[in-house]
Amino acid sequence: METLEKPVLDKKKAVKPLKKIMIIQSKATIDSVYAALILANGARMEGIESELFCTFFGLEMLQPKKMDHLHVATVGNPGLHIPTMLGGLPGIESLASNMMKKEMDKLDIPPLSEFLEIYKASGGKVFACKLAMEMFHLNREDLWEGVDEVLTVGDFYGRAQEEGVQLLFV
Amino acid sequence: METLEKPVLDKKKAVKPLKKIMIIQSKATIDSVYAALILANGARMEGIESELFCTFFGLEMLQPKKMDHLHVATVGNPGLHIPTMLGGLPGIESLASNMMKKEMDKLDIPPLSEFLEIYKASGGKVFACKLAMEMFHLNREDLWEGVDEVLTVGDFYGRAQEEGVQLLFV
Amino acid sequence: METLEKPVLDKKKAVKPLKKIMIIQSKATIDSVYAALILANGARMEGIESELFCTFFGLEMLQPKKMDHLHVATVGNPGLHIPTMLGGLPGIESLASNMMKKEMDKLDIPPLSEFLEIYKASGGKVFACKLAMEMFHLNREDLWEGVDEVLTVGDFYGRAQEEGVQLLFV
């Protein structure tokens, strides 16, 4: 039976349960930064709103002087299978980081600065944590110009006050 | 008043707000892997759907050659209280890993390969990240046969398009 | 048009979509512990219910003997920009930890024991993971008296069976 309610109900069903993903990025290792960006950008590619909230060491990825020189952790990371003592030798960290960057390049994963531009162009948002900026003595001018806003933790929670939001801590 | 709608409403109330947990496992340390599996398996024990999406170094836990030889990180992990220089000595990482495995064994926490089988038998799902597999040059044949599917990030988000889903990044 | 339903609808709208945040704290590094507490406490400041579930190395922050002596990881943490070999030298970890504590102090971020008291006074809840306590041979007496309860993973999921909950794994 067709009624007036029918199209309204259909419309309701069309609203996606997952509407926005909000990722808290707290680390400075290449793998964390890329995991966060791949998830954030992947959301945009699926038509899901996406917000990246960088805090603590995660602020490194928003500093133009540092963003393309992030390292993979060679010690404390058994996943790399580099013996711990060797991992501590000068140069090994850079070597592993460069190898990871080369692999990413082969897969068309762009360098960080470029990846951030692509993400922004797709409508993704980037925020910096006010408290962490004060802790590391950073000003707005030290950050990438693509940063949308500096937010407090309270502001961040305010943005999560919607239906269909998922928070992730990376 | 009893009406036709009553039982429908009751049925609706019986639906649990938390229906499915989706865990993104990105690390290769024993503690991360077990945390992810304990959470994933614990969900199944409560009748909650459970999905494990392994990406980056998290793919290690799905490789039969590596899954039972994962290590705990002895450096970069102040929680272990091993002085950093000592943590880097050859053998210390294995020693700490074995100690952790022994403690887990005492608590009836099974070795990883067995734990994965138990989790699968309970109805839990295991997915591998396509992009990470390409990055580490892994084929489907390199992975444990219990892996349900290789998913893109987009596929993963598609599976999150339901009510009552919680995402966790481990 | 004013009807009987109107105020009911308004009331419904007044219920916040994000009602409770449940943070799983699994690490012992200062940065992880503070990130978890800043998020947990920040939620309370916004009127959001807040629960902290400490597991694995995250139990360190609940042990009075250890809570004010947590360290920042100087190796395996490229964000600190301490060369890896140097990061392993005795004393460097304490130095970096003290520097971080001083910066936090300047920003009025209290020491951990005090921060926990403030969080509790604001109505935040603190739980310890039963399984992890057994793994590390800890009894209730070894934990801070402010701990509300020792929970199994199943208990934890039971507390997440409400609308408007967000889970975070730190």
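Think of it as A, B and C in the order they're written, each chain with its own count starting at 1.
Note that contacts are C-beta pairs under 8 Å (C-beta built on N, C-alpha and C of every residue); 3 or more make two chains touch, one makes a residue touch a chain.
Please read all numbers here as calculations on a predicted model, not as lab measurements.
Comparing the residue numbers each copy contributes, subunit B and subunit C share less than half of them at their mutual interface. Its C-alpha atoms fitted onto subunit B, subunit A is found rotated by 120°, rounded in steps of 5.
The centroid of the Cα atoms in subunit B and the matching centroid in subunit C are 21 Å apart.
Residue positions 73, 75-77, 87-88, 166, 168-169 of subunit A are each in touch with at least two other chains. The residues of subunit B lying in touch with subunit C in their complex are 16-18, 21, 31, 35, 38-39, 42-43, 45-46, 48, 73, 75-80, 83-85, 87-88, 100, 103-104, 107, 109, 166, 168-170.
Residues 24, 26-29, 55-57, 60, 70-77, 87-90, 92-93, 131, 134-136, 152-154, 156-158, 160-163, 165-169 of subunit A are the ones touching subunit C in the complex.
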